[in-house]
């Protein structure tokens, strides 16, 4: 790894960021409908043009589009992302609050799903064609085929309602209004959404790991290792697992980047105030500053994940040498 | 810690068990005559019962005593859909200042539902009574004398004047500093000045005749009175975050867990009837199914929402133990088939009139299901508009295909047949084809698709009008679609059908066209006249005339109005239906209902 | 001494219409101690499967394999694992038979470590000896497979095989992926080392020239069966089976269009045309 490569990578990332930001700006303004008209039509039936005009004037939406773009770019880099139309607080504050709750669900769910997906995927691929493999593969296909909204609802109905094991939504009990937020209580509320998210994402990891393992298990060095008289566990651990894990690095980094977009279904069904729901609401009412903020954060995360994947790869796979163009 | 959960689970199980055993409409312990008030005598009997027979537990006795002494008791949990209903409801601030429907703040008056066929009614909040001059240019409000803000500051007419001034001063978008602008400052735009002759009298001088000023203050969106001593120093309402929420309402701000919970508690110094409930917790469930599960399980006592539950889900809840359903007539949306009067063939009044006999309301209602009631009037809904409905215009749009055919023929349309199917030829000799865009408010619960299905049977199958396309369009471009298609659907909330003043919906407004592109000179003139008429009898006369024009010109064909279904725990609280049917909002509802189970006291 | 009797290995393919493919179909032969048997045939005839079946890397369905007096087919899993070091295999592509993540040193030392052949210093010394024996030097020890050439990798593979001092080696076209000049070096190395270590060898190839150079006897395989077997000179110079004849012709005239399919008898019988030279009768 050399400094020049890193510098180059950062410059291209920056360019990608600028392009993404521009596209975003254009797309958001091409979207039909705007916040104030939609709001006013909901309460007055007709949006009084003078009020719409006044609103647009206050938020600078009546200026020439190029001027808006320049202001937007400058503000984006200055960290001044504006106030959300619906929440009336700085965009970064809203996103920050929601991000915490999103991560509380997605961090454990992603970690568990990755570990479990890798574990059972590796086992399934290694024991290809065995009864366990067939059973695992089929159950994964079934889980994958269930519509996520329905799965979330069923989990809620069965575990929370009928079995009465968990709360029906939110992240704290009403008691928290007097006693404050108790981490254990939050954990209790997080179990079902985490389980649902886990089921959503474990299948993807499983598929990739299984097929990667199938490929690796067919390699000659595995046969050689067997011919050398290594026991199966040793072959799996020393030769197969590490090599089969390589494609997972990309998957994992992108799952991490994807985490921050949250999951709208799970957040809605379990009434969890995360980023997914926030994005949906911001989009529904055309809360421009908030949408811009969310999309900016998403872009940053994806770009960061890309760089991270690039930097991690040579560490896990000695064959990959970044920066050597030769 | 785990012990607490096990305990919690056990309690929940016990509740479920109890809920199964107790009959649905449980009474208040100790209330032997069932009037929901425990009199002194009843309390005495209850105490004796408790001491001797042990029939009432100590908790139940405590509930009976609270009821008898009218002391707030227990906790009410309300499910809402969306964090905008929690406190602090920041989204209100730059629109209408302090959140009016938060239980914390009150306005001067609020609106009640009229009795069927009866007059308009209001309920005073901070105003005890009010009157207007004969020309409706001056409104005088006499305020309650014993009200105080939650921090102890007395409430006076200065607060009301401050509220007006605040809106006035924040109505200028060019004011320095973004965020100093209140979107809804237009509410007071008709007010010329406000006078306070004494601490408990406020006089509004209007710029023009304002016969419905109390209505402006009460609804759509309505405003609450600001505490002058706090808001005096707030220059930028758009970015101000209130942490204390000092109001005059029956409940004072308690605490909040952002995005999920907020709590208000009964305010001891309330100027009106004190609530029977000590705490109201608002819990956010984003999903309707989750709300219903929470109600069934007993996590919440009431599901709050503008239009109530969707009819089919309410139907399924009907027989659940411990749950009551209140059906509010026309409390939901009202659906109509609307014409764009400047798009052929809707340009021909006879065509519109003919089709008014070709909408099978009964069948649409049957398809929609529970709670859909066919509209017999030309626009206003009897359940909401009361005596303002012109009885002479009722039942004019009856379903009668033969009549529709006759009228079409008279208007120069020619019904022929082609390949065994009817085809209607217009006066120009070409087949009549229409497109109906699907979107907007009528798409709630897929009502628009049900109406289309019924229209196809009659319009295509019998009248030969081809419905070529029914594209699903995005709400944001719906207006553009309406402008180029002859027929569309609408599903406005009931409040747009509750007053003759709302008939300005059909006036060619100074803002441009209306939703129907309807432009009738007599109608426009009458609306202008109505707006400057204060005399109630004269207004009624104009209103009736307006409805007759609508019956004649048919800019839209009302189809049905949806009843709203509100679900609550009848085993925990009593007194729901009267408050829900009477109107007056959540402040009235939560002040009137009374705890009926000791369990609500235990969880507080 | 290797003795294979009536070996049969099948694969089933297809999910809905299950089809059984007999990759190895009743094969019997012997290889004397220290001798190299060449196995020729076109690709897909079952050569590789036969090689792997003998080492039980693929489980045969039927038949008996005796290696150095031990019935390999009768060994349990754990017994087999202990026996494994005595029979080894080298593959066509040396690069894929080396774990890409391991350095040469680790790859060569691994078998020694698993079978606990000496202390750390012993193993270290032995690794260095081996690497020099195959014509590489110490600096190669710290490299990884992708940093070596194909020939060098094949040398590393040989070193790894030799570390176990196997009695029997299956070489599955070990040079077909290499340049001609490198091929010769590796072939010589295999032959010399095989001689030094007194290894019995099954040399699989589709190249008759290489087979002639490497083996004293040769077997010709067609559709899972051995159709002709005998001394190299006998079989390749005086082929008796029509398939062998075509193979030899093709090798002389250079690569031609694929060989025409021959009708094969359902129940084959073999006849000895001269001493030690057996041929399957044709229809």
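Just so it is clear, A, B and C label the chains in written order, and each chain counts residues from 1 on its own.
Simple rule for what comes next: contacts are C-beta pairs under 8 Å (C-beta built on N, C-alpha and C of every residue); 3 or more make two chains touch, one makes a residue touch a chain.
Predicted model, so just to flag it, every value in this text is computed and none were measured.
**Student:** Go through A-B and A-C and name the pair with more C-beta contacts between its chains.
**Tutor:** A-B
**Student:** Let me check something: if the centre of a chain is the mean of its CA atoms, which chain is farthest from subunit A?
**Tutor:** Of all the other chains, the one whose centre lies farthest from subunit A is C.
**Student:** With centres defined as the mean C-alpha position, give me the subunit B-subunit C separation in Å.
**Tutor:** 85
**Student:** On a C-alpha centroid basis, what's the spacing between subunit A and subunit B, in Å?
**Tutor:** That gives a centre separation of 38 Å.
**Student:** On a C-alpha centroid basis, what's the spacing between subunit A and subunit C, in Å?
**Tutor:** 51
**Student:** Residues of subunit C that touch two or more other chains: which are they?
**Tutor:** Residues: none.
**Student:** Which part of subunit A faces subunit C closely enough to touch in the complex?
**Tutor:** Touch residues, subunit A against subunit C: 219-221, 223-231, 234, 238-239, 242-243, 317-319.
**Student:** Once bound in the complex, which stretches of subunit C touch subunit A?
**Tutor:** Subunit C reaches subunit A through residues 52, 55, 57, 81-85, 87-89, 91, 93, 96-101, 110-111, 114-115, 144, 146, 157, 160, 164.
**Student:** Which residues of subunit B touch subunit A in the complex?
**Tutor:** 1, 5, 9, 12-13, 16, 75, 77, 83-84, 90-91, 93-95, 173-174, 178-179, 181, 183, 186, 220-221, 238-239, 241, 254-263, 281, 283-287, 289-290, 293-294, 296-297, 299, 474-477, 492, 496, 505, 509, 511, 514-515, 603
**Student:** Tell me, which parts of subunit A touch subunit B in their complex?
**Tutor:** Its residues touching subunit B are 31-33, 36, 38-40, 43-46, 48-49, 51, 53-55, 57-60, 83, 86-89, 97-98, 101, 153, 156-157, 160-161, 164-165, 167-172, 174, 176-178, 181, 184, 188, 267-271, 273, 277, 286.
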